[in-house]
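Okay, so chain A shows up in both of these, paired with chain B first and chain C after.
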Partner chain A sequence: MLKGILIGGGITLALVLGFLPGGISRAKPAWWRWLTMAALMATVIAAFGLPTGGDFPSFTTVTMSRNDEVPQPLYGTIVEKPTDGMVVLEDSRGNREPIDVSTVPEKLAAGERVILSTSFLRGERRYVARRLVSRDPIATLPLIPGLEERARNLYFHVPSAWLSQLAWFMAFGFAILYLRRRRPEDDVRAVAAAALGAIFCILATVTGAVWAKFNWGAFWNWDPRQTSIFLVLVIYGAYFALRSALPNEDQRARVSSVYLILLALPVLFFIFVLPRLVTGLHPGAADSGNIGPVLSPEEDTLNPTKQILFALSMFSFTMLFFWMLNVRIRTGLVELRRRRRMAGSAENNAMHENVVTAIGSDVVRLP
Partner chain B sequence: MLPLIRQTIAVARKDLRSELRTRYALNSLAMFVVVTVAVIAFSAGPERMSSGIAAALIWVSMFFTAVTGLGRSFISEEERGTALLLRLTLPPTPVYFGKLLVNILLALLSNTLLALLFLVMMGNVEVKSPGAFVVIVAVSSLGFAGALTIIAALIARSGAKGALYPVLAFPVILPLVLLGVDLLRRAMLGITLGNMADDLGLLALYAAAVMLVSYFLFDLIWKE
Partner chain C sequence: MQFLVDNSMYVALIVATLIFLGLVIYLNRIDARVRMLEREEAGR
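And now, the complex of A and B:
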């Protein structure tokens, strides 16, 4: 419930703020830009800077699945110090285990919250701390078995993928508006949204491919969501190819708007039908039995820090998108106005020439 | 008879008649099919093909055949300068459905020829449920015709028709390909029509949806 409010609220707030102050075609107020900048900075700093620290169950799952003694971060409170080189750590779930800290140079006191990079020695069945990662951290990211430190990509990959879809829907909306009102401004807006969509689509593909390489073993697996992001990339490419092939401005706006609307069919198919029809690697595929940690209604699928950070990253990247969209639309509108003025003056010049040739240029000089 | 149907048939008949005078599209489609299948036959040789690969090859050939042959309808009107006359004499709806009808006919013809030739030339590919195979090829042809008619109308007046056609058609056809390849493979393996009614229904639904959306959008691109 809380998760839904956080993430849904973050996105909704960004959408409201993106559309409301000044609209999407006029300059945003200064506070709006500062807010976006601050949120983005906070997202990036937190996503890279917060330490990862696991509880005992997730620690055990990770070390078991890796089948080695590479140290993993353990997060908890030191509740006891029985001897000098030993502490008893209590994790967030209340599990207590003794940990050998004789190799850690820093002094540890009882009552401190620490993240210890720890190995579990299988032969002797005991925990040995290798390094003190963080003392009294402001917040920690959970240790997710199978993802570990790679989980940080979530805060960049998911917003990019979401924005590439949002941009597509906005371009689609502006295309419909254009066809209803026939105002070239709407076409400028559709183009701006599509161009940004293409950028975020490339970002989502690249971050996803790198993530897939280190998590699933290959850059590209033709998982249904990879198929659909590929389709969206092709769509953006085809849209701009079509635009460049139409010389007449009015016709270009009309035909490309129609093409965008036609593309709603495959996009809907690939977003809503295919990923749930075919087995895949992303959460929410036909064989995974749930709709993924973010969308699942269960509370404990995402740790609270992660929920807040995820909501923040969705919020700030959506704001960034609206900022970029705003700048692009405004430059597009300026260009449109300039083109119109030039077309107007060209017409005037042509008229002058006609008048001059008709009357005789040596008789009359028009200003 | 309803005027709409009468006009639609008139457009289709006009197209077919002018086509039969030159046989340009028919000849090029037939030759394209023969050449494609021959190239596959020569390059695959006597190799034993799994049903998955055979289905994929049939679909690749169907895609390129359709993209090569089905774009003529609107482009030839523009090239011959007859589009304006058509625009003046008839409302957009019968023009769209007339062209769609001709394209469905062409797609059915070329895809049937292609599938037949493919099965004859690749002696070691066998289709275990031929009835399902025929139905799938027919429904896919409907989808191809629906998608390619509207794309042809879109690019009829653009500069780079030939190069743009497959690029624009690809996203619209991709769902057909994903569903169709799997269906064809299952038909070759001998799964009956009743057991793949879901996916076949989805394929037919997508084809119908493309035609419906095209019908609504056609007015917007056809009128000046």
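And now, the complex of A and C:
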């Protein structure tokens, strides 16, 4: 419930703010731009600045799945300090284990909440802290076995993929408006949304490919969701190829608007339906047990700190999208008006020349 | 080198902050430029 309110609320607020102050084609007020910048910077700082702190079960799963003894972050409260080089740490689930802290230079006291970068020495079957990561952290991110620190990509990859869809549906809306009103301004808005959608689609593909390399071993695995984002990328590319192939402005706007409307359903299917119907590597695939950590109604699929951070990232990226869209539309409208003025003055000049030819230049020069 | 390895998340934080800061500064500049063009048009 809380997850739905947070994430849904973040997206809805951004959508309302994207449309409301002055509409989508007018300059946004300064407070709006400052809010977007602050939210975006807060997302980046929280996504990379919050430390990861695991409990003993997740720590064990992570260290057992690896063949080395690379330290992992352990988060808990020091409940006992039997000797100078030893502490007993209690994690959030109440598990307690002794940890050797003799190599940690900082002084640790009982009652402190700490994150210790710790190795589990398999031969000696004991925990050894390598360094103190954080003392009394404000908030921590969970240690997710299989993802670990790579989980931070969630706050950049998922919003990018979401925006590639939102952009198509905004372009779809403008295309319907164009076909109903036949105003070139609506075509300018549709192109602006589609151009941004293509950029965010590329960003989602790149961030996903990098994540896949470090999580699944290869940049590209032809996972159903990778295949579907590739198809959406091709659909975006075809839209711009189609536009560039039509020299007549009116025809270009009409045909590309029809294309945007016709392809809206396939785009929806490729992103939200297809990856859930077949088995794959992404969470939410047919064999993963739920429809994905974000959309699943179960609360525990996303830790509370991650829910807040994810809602913030969806809000800030959607606001960034609206800002970019706003600038792109206004630029397009300025260009359109300039073209119209130039066409108008060219028409006047042509008329003037016709008059000169018809009645003679001397007559025209007279006051 | 060990310092960078131990603090790799802070290195990522600084790089990401600079990228996004650059993006919003650039966006602000374009926004101001378009605003100026719109004002010029309105005063024409």
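Observations on the structure shown:
Assume the second predicted complex is superposed on the first by the 361 of 367 C-alpha atoms of A that agree within 3 Å, B and C clash if a C-alpha of one lies under 4 Å from a C-alpha of the other, contacts with A are read in each partner's own complex, and residues count from 1 in each chain.
Assume a contact is a pair of C-beta atoms (placed from the backbone, for glycine too) under 8 Å apart; a residue touches a chain by one contact, two chains touch by 3 or more.
Just so you know, these numbers come straight off a predicted model, no measurement behind them.
Contacts of A:L265 after superposition on the shared chain: chain B is touched, whereas chain C is not.
Residue contacts after overlaying the shared chain place A:I45 against chain C, while chain B stays out of touching range.
Of the two partner chains placed by the overlay, only chain C lies in contact with A:R131; chain B stays clear of it.
With both structures placed on the common chain, the touch criterion links A:S345 to neither chain B nor chain C. Legend: residue contacts after superposition of the two complexes on their common chain; A:V334 is shown touching chain C, with no touch to chain B.
When the two complexes are overlaid on their common chain A, residue A:S65 makes contact with neither chain B nor chain C. Of the two partner chains, neither chain B nor chain C is touched by A:T12. Shared interface residues of chain A, touching chain B in one complex and chain C in the other, do not exist.
Those residues of chain B whose C-beta lies close enough to touch chain A in the complex are 150, 154-155, 157-160, 164, 167-168, 170-172, 174-175, 178, 202, 206, 209-210, 213-214, 217, 220-221.
The residues of chain A lying in touch with chain B in their complex are 179, 227, 231, 234-235, 237-238, 241-242, 245-247, 251, 254-255, 257-259, 261-266, 269-270, 273-274. By the touch criterion given at the top, residues 6, 9-10, 12-13, 16-17, 20-21, 23-24, 27-28, 30-31, 34-35, 37-38, 41 of chain C touch chain A in their complex.
For chain A in complex with chain C, the touching residues are 27-28, 33, 36-37, 40-41, 44-45, 47-49, 51, 117, 131, 149, 320, 323-324, 326-327, 330-331, 334, 337.
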